[in-house]
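What follows is a set of structures for review.
Each of the two complexes below includes chain A, the first together with chain B, the second together with chain C.
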Partner chain A sequence: MDVYLQTLLSGLAIGGVYALIALGFSITFTTTKTLNFAQGEFIAFGAFIGVTMLLLFSGLASTTTAVPSEAASAWRYPAAVIAAGAVAGLMGVLIFLLAVRPFAGKGGMNWVMSTLGFGVMLQSIGLAVWGPAPVMVPSPLGDDVLRIAGAGVRPQELLVLACAILIMVALDLVMRRSRIGKAMMAVAHSPQIASLMGINVGLIMIGAFALSSGLAGVAGVLIAPIASASLFMGIGFALKAFSAAIIGGLNNPRGCIYGGFILGVLESAVGLWQAQWREIVVFGLIILVLAFRPAGLFGQAAVDKV
Partner chain B sequence: MLKLKDVNLAYGPIAAVRKASIDVEAGEVVAIVGGNGAGKSTLLKGIAGLMPVSSGQIIFDGEEISRLAPHKRVARGIALSPEGRQVFPDQTVYDNLTLGAYFRRLSNDALDAEVEEQFKLFPRLRERRDQLAVTLSGGEQQMLAIARALMGKPRLLLLDEPSLGLAPKVIQEIFGIIVSLRKSGITILLVEQMANMALAIADRAYVLETGSVILSGTGQQLLHDPKVRAAYLGISHNAA
Partner chain C sequence: MTPKHTALKAALLGSALAMSSAAYAQEIKIGFNGDLSASPSAQSGQAGVLGIQAAIEDINAAGGVLGRKLTLVVRDDLSQPPKSIQNMSDLIDNEKVVAVLGPTNSGNALAWKHIPNQKKNPSIGCIGSATDITKPASANAENYMYRVSMVDRAQVAGLIAYTKNNPAIKNVGFLVETTGYGQGGLKDLQELAEAKGLKPVATEKFGVNDTDMTSQLNKMKSAGADAVLVWAQGTPIAQLVRSMEKINYFPVTLTSWAADNASFFDTAGKTLAEKPIFMRTITEDRTPKQQQLFDRLAPKMASKSAFSFAAHCYDALMITAAAIKQAGSTEGPKMREALDNLQAPVEGIMKTYNKPFSASEHEALTAADYRWTHWKDGKLVTYTDDVVKALKPTDFTQ
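Our next item is the complex of A and B:
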């Protein structure tokens, strides 16, 4: 019994990370009809900016493979999460201005190549700055395994889950209740008509990229104590998160969140049974979903307008 | 108030409006009539900034706005109620209306007061206040589109085919509202395929054919012009 609870909780934790990143994909897709294919590098950068901030705030030195655990104590970890989100957000503005805006809305798929290329450049820069070795990152809650109803859970997993839910609930409220959220929905429906409302569509699109990239950066710091920070960590997470977005429906932010959790739990459950089947089952599911629900499980089928 | 000087608008290599020169004075209702594909809607898109002018000038209140982004033109006082209504289907009637005033940064109370003003003009929208716009009838959506444009407190209201796809009774209602808007002092540039109705309420009008202005005059002049009657009102000389 406890092993199932344990599997469920770690599935939800990793699913929360997928959900954050998937939500990021959805935010740029709905507002600009483009995706940031450098999202993986933003996750890795987020993790390393987090590491750098932890060391900076604590004044401690890192060994080549691990950050000392005191560096993550007290206010430092939350501050590092916020800083990584902010820096990744700024990088998101940059990628939009340099690699997306010149091509967005002009037809063609140039933005796919330009965002991929931006990611490759980021990775090279990251390797030059931080080197290729993975770095162990301490959890602010320590590494002692907690016992919940007999199940062993790492405290960081609970923290990741709590943070992911908190961020997503807050964003959902902002999107549905605030004026800026309604303006984003208007842009998602039609940039032209939104501009007739006096909405500065270009600014909303920049904001969408900043938000989406910020989420990826935050996800990177959250997952680093579980997965270790590595400049090669991003691609796997980004691919899974993209799959989660497809399963949930790219057009539906809430659907993307559900997709993230579904994928995380499923992956964790299959891993319990046969770890080597994990990827096969996950991507098999994606192909199935696409075959029967092309717009995703929670997406609305596109209606052709006359 | 609005002056178009030799405005050209094109979709890629295809010219849609050719050397159009149009004047709208403050307080007027000016109609643009013409057949399908004459370039009427394109002209309004050019004025609102949804389409770049390929040459010529658009002057509003004495200042050239030809290169201004659409959201900046809205802030100057030009609002467009677009062809085919184009309300935000996944948002409520109330939210659609508040989006119309988005750029004005009103307090919630001021916003509610202005929404209330629109409800006085369009009582049917009040009943639908919290419904998603997609659930409205065509006529209600048209009213919402006009009310949403009015929420920007425009000095110049551009109306693109407000009668499109509506039942005759609803069209009467919409035109009644346009007349009452004119009385409130708002300047209106109206594009319509229903030439007879548009000319009947217009102070002045232009006839557009394959992208060019071929005729202009007062609404009454054009309403009785034999060419206009034959081409756009479906009335031949003899029958008249």
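Our next item is the complex of A and C:
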């Protein structure tokens, strides 16, 4: 029994990370019909902005590979999360203006290459500033294992889970209840019509990229105490999160969240059987979903009316 | 200015250039090709270069080799095999280096090991530890690949010997990561375990970026494993011991030497980092010679735990210089003959090398030179217990 509970808990913990990043993919896709393929680098970049902020706020020196645990205490960690989100959000505005807007809405796939390229640039800049070594980031809640009915989990994993759910609920409310959310949905539906209705389409699109990149930055600082901050950390998470978004449905933010949790628990459960089959099972599921429910498990099939 | 003056100036300039290029031609160039910037292992490459530079300074201060100074030509391969292959051709064909040291990543050495053999230019590895790097292309082929570093298979032999000779260990399990490194280690583990009559009760794999291995560990636990042999890089080994804590399952944990990385220590945390036992060439109980080099390089070294690579690479350069001296030439085939049969002992940082290589043995360091190591109070120190004390060199046979 312990074993299954452990599997579920471990799966939900990693699923929360996937969900948070998958949400970012969904936000840009629903508003601009483009994706930010540099999302992985934004996660890593965000994590290192967080590291820099923690050191700056606490005035402590870092060893080359670890941030001292006092640096994350009290208000500093939340402040670092917000700062990383803000900086990554600004970078998101940049990537939209430089790498997406020139190509968005036009045929072709130029934005795929230009966002990938932006990611490579971001990683190179990161390597020049912070170097290649991974840096361990302390959790603000300490590192002692918590026991829930015999299964062990670390406080940071619960924190990520809680943040993922909180951000999801907040975003869901904004999207469905507020004027901004409705404007975003209108732009997603048809930029031309939204523009005729007096919505500033350009601004909404910039906002979507800022929000999505900001989320990636926040995710970076949240994951860093679990996976340690590294400029190479993002790619794996981003790929899994993108898979989660496909499974849940790219055009449905809620679906992306469910997709993230499903993927996390599935991975953990497959590990209980044969861990080396994990990727095969995950990507096999994606092919099945694409074949039978192209819009994702929770997505609504878009009907193009001529 | 009169034409006469111009001509004089040109003549002076010309002769100055000729002199400098003559001095240039007399220098013996050694190459380094390895990752210095792009992956977490870049720190090992940086330490290696520091070691080579220190050795070159020492040799040049003593008058050089064959009356000529040594210089180092460094190429960063960004840990990418294609770039590493390109660097080899550039170093050997354009820069005319007489030997290449490095690389940082085993995979890159495996990608270009045919080049030193084809171009008859010795390569002395001092970082990467994959077993196959120094294997000849065919049984009697001329082999220009040498190494002064750890060898995976020799480490595996050590771990198996420990398991086999520890009466407290009843059931053993293998845990490896799914990369080439992990799979190579698993192959060595399985072959050597079978040769020694050791049968694992379970074999489990995990991804290099996984942050939770509780599922795999729960399977180990239910299979009754009281010891696990782990082959993975530093960070995943740290995640593994963190997962052990989650399910409160702590078997005897023997790992690859990647557990010596600072990133392992930082990720695992001070207490959990003390769980794994592994083999390493240097611990912090340094010999006086090692301490001397450590003190000399410490201000420039980003990661102190990468010091072993500085020492290996220092020795690799010393052995290369000894080979040039004995051959009386920098021609590849003559250097290879000298390397295979070095007459004078070479004073190194790790040890004094008496005939480090032969035609069939291209490893300068073997299991007997390794030390059992673990983390204690944030330091890499020598590990010892009754099992280690009772181990004999014959237990390490491969």
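One rule holds in what follows: the second predicted complex is superposed on the first by the 304 of 306 C-alpha atoms of A that agree within 3 Å, B and C clash if a C-alpha of one lies under 4 Å from a C-alpha of the other, contacts with A are read in each partner's own complex, and residues count from 1 in each chain.
The working rule: contacts are C-beta pairs under 8 Å (C-beta built on N, C-alpha and C of every residue); 3 or more make two chains touch, one makes a residue touch a chain.
Note that the structure is predicted; figures quoted are calculated from it, not measured.
Specify the partner with more touching residues on chain A, choosing between chain B and chain C.
On the superposition, C touches more of the residues of chain A.
Taking the superposition as given, does A:Asn200 touch the first partner, chain B, the second, chain C, both, or neither?
First partner only.
Return first, second, both or neither, reflecting whether A:Phe103 touches chain B, chain C, both chains, or no partner chain.
It touches nothing on chain B or chain C.
Would you sort A:Ala186 into first (chain B), second (chain C), both or neither based on which partner it touches?
Once the two structures are laid over each other on A, A:Ala186 reaches chain B alone.
Enumerate the residues of chain A that count as touching chain B in its complex and touching chain C in the other.
In the superposed arrangement, which is not itself an observed complex, chain A uses no residue for both chain B and chain C.
Flag every residue of chain B that touches chain A in the complex, lowest number first.
Listed in rising order, the residues of chain B that touch chain A are 48-50, 69-71, 74-75, 79-80, 82, 86, 88-91, 95, 98-100, 102-104, 148-149, 152.
Under the stated contact criterion, what part of chain A meets chain B in this complex?
It comes out as residues 179, 182-183, 185-186, 189-190, 192-202.
Of all residues in chain A, which touch chain C in the complex?
Those residues of chain A that touch chain C are 2-3, 6-7, 10, 13-14, 63-66, 127, 131-136, 143, 145, 151-154, 226-228, 230, 232-233, 236-237, 268-269, 271-272, 275-276, 278-279.
Show me the residue ranges of chain C that touch chain A in the complex, using the header's touch definition.
37-40, 42-43, 178, 204-207, 209, 211-216, 218-219, 222, 235, 242, 245-248, 262-263, 265-267, 269, 302-303
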